[in-house]
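Structure in structure tokens, see below.
Chain nomenclature is as follows: A, B, C and D, assigned in order of appearance, with residue numbering initiated at 1 for each chain independently.
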């Protein structure tokens, strides 16, 4: 945070955008020093939902930590499963069969669409519009039904295993997904007409909360926040993993860097994820979904490993330090929203409070992922 | 119960206004319960009030960390009488999956410091479970159950 | 006091008492029907609401003058509407000429909206972003 | 390629350490009648320049440099000059050899080049200079590492607990932490 030196003669009061607030989507507290409606200094206070996943990693075996990855960012939990599974597979050198890789990409992209739909509903709710939330949740329920039929969970998935996935997808999942994509494609124009072209939303988001590329680099922001400021950085293309090179999709990038740009990046990403899911379903190979010789007890070689995946909110990285036993020695979770939120204090300096809330909505925060 | 009490209880039971008090994953299931498919509005509970002064039920949905505990107490006190508490999810019942030998950060269960009326197990519990919890609370308030009970098995 | 004015007075008194009843009634009902016991734990019921945190410092400070101007403009148009109610009741009844009353109303609202034009030029409605860092 | 440029830029800072290498000396050729001798393993101290380029497919990063705590700031300056961004700061508590290791991950936007900078400080009172004036994002990462390991980052504007309660004086991720 640039140490902004405020002259003392200014009469300010402290307002708590506290742990229980509809706009913080969880228990984030922002201590705002206010001059009337203007924010003089914003200081996010974290730790209200700190559950210490990292220490749990140290006294659980490798496989027992998988449910935790589902409870970090529960809106796009499958990419966290994917990150953790890939990190361990790289360390141990396990080969994942082709079909399992395709199932992983399809379910992760479906989960990304569900996460963006919920963000869309909650974000427009922050700006005052209630009805889009109901439409977005209606679509999201379709995805949750599909994912539940395969994984068994709606939110906190624990579907991936080291070496594949534990349950194969069946035909009505495939037909259900195709129908869902047709249905969502027919509803996206309605969302754009009703919300994106709405003059109130444009007035609330255009040129509000500009985030420059230089600020993104200093804070390490990734994901839609970075792509809204004109940088084409997406781990799926930047560091191709799994079977993403087989799909042809592009990365929506907007250069304005304001809240409207970040909003449009996420809306276009839903379209790209649908393209990936369709291609994934068309090219789905036959074969096993679990590696033949996946070891039951995982004992990766000594040393540390880093693995990054593109979660819905940015690049989620896992640093595993293993000392050869079956419990990790140290397990660091690099959460994307932790870095995205760290630039909030500098980004909302001198803004009006409602604009700062619009900016916070476009950062798409999930607080248990920040506090870990 | 005296007839006036019965009338009051019926009125209170069918207009339980929950407080938007999502802590973690269960909050998303609470929102899903309030949204279009599972529709809490059928039971008069779809008005999620952000301010504690205007709500009757505090649904503790998620893990309560030691840093958050004073805030939960303050919010509970600021709610006007009569008020009830629903502990939603394993974290609010007993600390859930985050209880391990070295856990310093969370309060293991909302009933450690709040008078909890209804416990809804699950991690996260499905929206139908939350609706069943609200029906259970209505039965606790009015003494009789107006909605059919699901006989499973 | 002839017969007609007393009935008028009765109407006004009844209307006033009805209003008073609606105002005070909920307080009485609330005290009668509220449950006696309380389940509070830390006796913080009377505390100001700030998302669960005890408020820091005091909010009774001197604010910018812009908010005062904002309130004044609202007040001007609020009172303006107040005067238009009786005009609406007696519209077209006194002079019988529609145009006269209409011109008077337009004139009255026009003079008041001059205040709005003045405030607009003074930039009361632009909420520009400020920079609080000392240069 | 970015990797070569950054590699020789950071080469100057790399520390040379003594690390133990297990060498197996093959058994001497057996004289006619006896049975062949067993190979003998010997531990040896070897001077090793701690700048490695591990294979990315297994480890996940391209360059791994170990520097002294003071050189972290110069390394960060070099890296921000070459447009790297800071991904995360990790603390690792090596209780057996009484040290705390702080690991910095950097990455590029245009080309894929993940650089890892490591430092080790002694465990009793770990001290590392801060890089939060170069990378503002490091402010929170350093506060979190201070929360969990007690590493004091000298020059950090405000090292108060970030994730732990304000009055927390314990460091939970140390191996000898008892709740």
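Worth a mention:
In this text, a residue touches a chain if its C-beta (ideal position, glycine included) is under 8 Å from a C-beta of that chain, and two chains touch if they have at least 3 such contacts.
Not measured: the values here are computed from a predicted model.
Taking the CA centroid of subunit D as reference, the farthest chain centroid is that of C. Between B-C and A-B, more C-beta contact pairs join the chains of A-B.
In terms of their C-alpha centroids, the spacing between subunit B and subunit C amounts to 37 Å.
In whole angstrom, the spacing between the mean C-alpha positions of subunit A and subunit D is 28. Averaged C-alpha coordinates give centres for subunit C and subunit D that are 65 Å from one another.
Contact with two or more other chains is made by residues 2, 18-21, 47, 50, 52, 55 of subunit A. Counting only residues that touch two or more partner chains, subunit B has 67, 71, 75, 101-105.
Residues of subunit D in contact with at least two other chains: 164-165, 172. The touching residues of subunit B, when paired with subunit D in their complex, are 66-67, 101-105. Residue ranges on subunit D touching subunit A, taken from their complex, read 57-61, 80, 83, 85-88, 90, 92-93, 103, 105, 107, 109, 112, 114, 116, 135-137, 139-140, 148, 157, 161-165, 172-173.
By the touch criterion given at the top, residues 1-3, 46-47, 50, 52, 54-55, 58, 87, 90-91, 93, 216-221, 231-233, 238-239, 303-308, 315, 317, 319, 321, 329-330, 332, 334, 338-339, 342-343, 346, 371-372 of subunit A touch subunit D in their complex. On the side of subunit C, the complex with subunit A involves touching residues 50-53, 55-59, 61-64, 66-67, 127, 129-134. Across the complex, subunit A meets subunit C through its residues 2, 4-7, 10-21, 29, 31, 35-38, 40-41, 349-352, 355.
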